[in-house]
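Two complexes, one shared chain (chain A), two partners (chain B, chain C).
And then the complex of A and B:
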């Protein structure tokens, strides 16, 4: 028995006068109400987001106007009382801490995500996934406490070693450190951007890992098996199928992590000792972030100093939003088609 | 009006499940099973043991390196040993594969290890001081406790009350708003919903301190003119809402489309489909989303710092006067130079951590199941329900049949043939 598929002879496009019928959908009143109510809550959420931006801008205008936008961005000081303040050092410190966090967190979360999707299986997989979620839910004050009591003590010898042997790299230089002194002055190292960055990295590992895990687990099984069938080892398969497929997830997850790291407050607030100069030496005491300055200074605020803090907050807000929108655009593009129902 | 179609009596009750007629699939029994040879399986444990021994040798025994370097040296030695062991029998590709496998697994273990270390450390610190802090820690406030008072005095009752009230208010706002927004994103859709979804996703990473600033600028400066618990609850809401929407959105996306279509095909409207099909299907997932959102919200410190104000006294009224919460109390204790205050800080942080852990375990227990897949107990419940439904349907059926019969006789007293 042979069967063949025939294309039914439709009229050539444009030769018939068939028109698609206008379909009018009318919803029952209760459905209409459902649609309107949910739409309203969607709009409300959107409104909150808009309000956040609007309020910060309105409140920030006064401070920015009084010093000028350019001065506000380039000044390395924070004393609104004398009308001399700017976010240059704050932004620099924020980015420094976030980049350190990223450098620590990226390999760990990449490896962690690959471990969950490619190596572990069964109950180990679900426990690991749960552990990552739990790590995201641990309050930041707990991480801060851990950093303050445990990590500072145990990171200082490492920082000392790094500055002793690699101090010739400007990044690792510590002013006032004397390598010949057999009793190092620990107080030079305890409140550095490095330690702050390591704590923040613990807080961004979960979000990065779960984004990467999600994108890796979407790598099509057919292509995985194809790679194995061509004789690839597991690592060969990961390199030629999983990693290219998950590239969007890796980039997007990293940027989401960066966004989180920029906004981290409490852990950094507990660890860093605030200074208002650009400090290139990441092992040395002193550093600052926008979020931390806000948390430190809100208490002494009169109207004008509050306005200055709002301006700093606005800068932070714009920075994280820009990074996040880019991240979600990258993730959404890499996911195209994956949303369709199976 | 269309005429009511009556089923041909010949076919009533003759519906069969098509798969029952297929011959059962036969599986060929597996004949050979491969596993890695012994020398390959033992290579990694051997390398690990060798590395530990090497680390102990050069560290504590010979004293060549400091204590901090022992794990690092051991790890490097393990990598080298394992690579060499594999290289003895395998080619370069295999060595690369094993090596990367070990690296990836190590990263996984380090991540889990960090989590275990953080949780273990804080709980350990708190357990150490459990002897000096009595149960009264939970039932007294700090109102009459000075900085030098012994540990047996004072507690965090005021913070517990504050946390409960603030999280309660935040949940009361964010649950209805969050779930209806998630429904909007999934059930209604369209361009506007996509915009809302993008904004919500960006909002999940809103810096917490910015949320605090926003509430400070809008609620406190404009309306209340003072720190209070309600403002803190609103700040928590701003942070919790996107997390809740996002996880509810993910859960709702998992509802199989054919369930929804079956509801619509049976003539249900959109709202009835949502209420009777979609929401019951994802009940456990939504509960998980809510609990996880709560766990995140409970630990928020920075926004509360900017909005709720710090107090040592018990304050039941969230609308009037400062009202401290657990994370903020922990922060204030830790910042103090007094060792006893710091001890209270560990205890408070441990309490907070325990709260989050409990919430998390509950969320896992509820949300462990997939959307649309039922546990045994639920299955039994459904079966009971459908038995009850069956008798109702049969009654209705008999009633309708009698009605139709009567009508038919009335209209065509002579024919009586089915139409």
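And then the complex of A and C:
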């Protein structure tokens, strides 16, 4: 046995004849099959989306042609029978309800998610996590009924108070309201965008909370400990570590919630009393959304009025798609979910 | 996005040196303090991992905690600045005292204890969303201290110099801390801890994730901080413990029993004239 070491002999004269070689990969049959199956499922999702889009576009063309694209977008009326219809009020109402829902849902889900990941522990944590997921599973018609029968009653005094003291802000004005009347007319305050928005917020809080909780809980332990070791308060640690890391989850969850709020149908249908004018006064009776108009009108629709509804549906489809794509782009660019070097 | 560091308002006045009132607590040179651990026992759930360990870590000296994996030395270190209690099932008994103050006393706020006893971790963990500058003084927003731009500038330079990082980064203070090399990141973490002028600095295998030349820079930094701050370092590297420490404590957990200190004392004595056979075997690389 020799104990000497070896010195590799490189070619003299610096001759370098090394060439990168081709590497051919041959997959095992199981892998091949798996690739094909997953590829199929993946393309199926894309296919369905394309189909829906194409279907809506084809069906919508007739109605949009008949009034013209500009009129279709700007008209505040829905009377396909007289060829006078447009989605201005519907889109405005949809966005109003969705934004109200978001204004209510964002602080609640942000706080809820932070409470679950950062403050609660043990059984409280698991019960809350489960409850949030359960909330997401409640059908929207149940929320709608709850809103109609219970919440509306209790929202009216709040709406009354808001309009009495902040009625000078156009948003909170209620036409026909008389602050001096000791017995307010409740009917003025019911079936409003505010109540619809609050109900929708309950539907989007679970998904938003759940997404934010997920991204907060992945904030790297090393960075958390680093912050605590510097004497950080809990809030200091959350502000410097958890929130910057969870930024993608916050934005993504919000966008997803917004997408859902825009498309919510049955709960809004139960609450809002439909009008076809742009209604800035969110506390006031009357509002509308694209989705609820479709649900409301399709029963009585003939070929042409159906095409008009399809056109409204197409507008909603495009809007939600745009929002969801924005959301996924933002999530993809953020650090959330990526492994930290720390 | 949360704005962590207030932007400077207006131009800084030239001439007089910055007033440092807000940071007075941070900037006065506190003398290094001795740390005294008394009868520390620790549990994770029902499993006891440390059994009545007592150790004095003399002021201004470097104390190395050595011993094989799983002997409880990291747990012991984390008990010294109350990081142990961040783990929900962790329990402990005993006292850790700076001077006469028990850091676990009811009147002692956990954030204050950690400000006085800094810590550097095994893996460098600078805040990735922050620049080098912001990382160095990240303790300020984390603990809710406001400071002027001039005060911050001063603090950043001081801290980075203490960590021997200033010359390497002074021209790119506003680049992200994550862009530095591993060794530089670790020294940034030392600077971050030193910005609070702690009396004691704990280091949990600070060089074990680094290459030999970065390890050497860290060791040089430790040598420079000796005297200014009391250092307690956990290391698996015998030569490192020998090179950098004044005192050594050898931890050992025999099979299925909690960790204890087998022997402690001056580093030279531990390495050259250990009294316990197990210490001699360990420092000579015969096990562990």
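The rule is simple: the second predicted complex is superposed on the first by the 300 of 342 C-alpha atoms of A that agree within 3 Å, B and C clash if a C-alpha of one lies under 4 Å from a C-alpha of the other, contacts with A are read in each partner's own complex, and residues count from 1 in each chain.
Going forward, a contact is a pair of C-beta atoms (placed from the backbone, for glycine too) under 8 Å apart; a residue touches a chain by one contact, two chains touch by 3 or more.
Worth saying up front: this structure is predicted, and the values here are computed from it rather than measured.
K.L.:
Is the arrangement of chain B and chain C around the shared chain A a clash or a fit after superposition?
P.N.:
Result for chain B and chain C: clash.
K.L.:
Please indicate which partner A:44 is in contact with in the superposed arrangement: first for chain B, second for chain C, both, or neither.
P.N.:
A:44: touches chain B, not chain C.
K.L.:
Which partner chains sit in contact with A:157 here, chain B, chain C, both or neither? Use first/second/both/neither.
P.N.:
A:157 sits against chain B, while chain C stays out of touch.
K.L.:
Have a look at where A:121 lands relative to chain B and chain C in the superposition and call it first, second, both or neither.
P.N.:
Touch partner of A:121: chain C, not chain B.
K.L.:
In this superposition, which partner touches a larger number of chain A residues, chain B or chain C?
P.N.:
It is B that touches the greater number of chain A residues.
K.L.:
Does chain B (first) or chain C (second) touch A:236, or do both, or does neither?
P.N.:
both
K.L.:
Taking the superposition as given, does A:333 touch the first partner, chain B, the second, chain C, both, or neither?
P.N.:
neither
K.L.:
Could you look at A:228 and tell me whether it touches chain B, chain C, both or neither (first, second, both, neither)?
P.N.:
second
K.L.:
Given 6-14, 24-32 or 42-50, which one is the stretch of chain C whose C-alpha atoms run into chain B?
P.N.:
Given the superposition on chain A, chain C and chain B clash at 42-50.
K.L.:
Which residues form the common part of the chain A surface touched by chain B and by chain C?
P.N.:
Shared contact residues on chain A: 233, 236, 341.
K.L.:
In their shared complex, at which residues does chain B touch chain A?
P.N.:
Chain B residues touching chain A: 66, 68, 93-94, 96-97, 99-101, 103-108, 110-112, 114-115, 117-119, 121-122, 125, 176-177, 180-181, 183-185, 187-188, 192-193, 195-196, 198-203, 205-214, 216-218, 238, 241-242, 245, 253, 256-257, 269-272, 274, 292, 295-296, 298-302, 305-306, 327, 330-331, 334-335, 345-346, 349, 352-353, 356-357, 359-360, 364.
K.L.:
Can you name the residues of chain A that touch chain C in the complex?
P.N.:
The touching residues are 121-122, 220, 222-223, 225-233, 236-237, 239-241, 243-245, 247, 335, 340-342.
K.L.:
With touch defined as at the start, can you tell me which chain C residues reach chain A in the complex?
P.N.:
These residues of chain C touch chain A: 1-2, 4, 81, 83, 86, 88, 111-115, 118-119, 121, 123-130, 138-139, 141-144, 178, 189, 192-193, 196.
K.L.:
If we count contacts the way the header does, which residues on chain A are in touch with chain B in the complex?
P.N.:
Answer in residue numbers: 27-28, 30-31, 33-35, 37-39, 41-46, 48-49, 51-52, 55-56, 58-59, 107-112, 114-116, 118-120, 128, 130-146, 148-150, 154, 157-158, 202, 205, 209, 233-236, 238, 256, 259-260, 262-266, 269-270, 291, 294-295, 298, 306, 309-310, 313, 316-317, 320-321, 324-325, 328, 339, 341.
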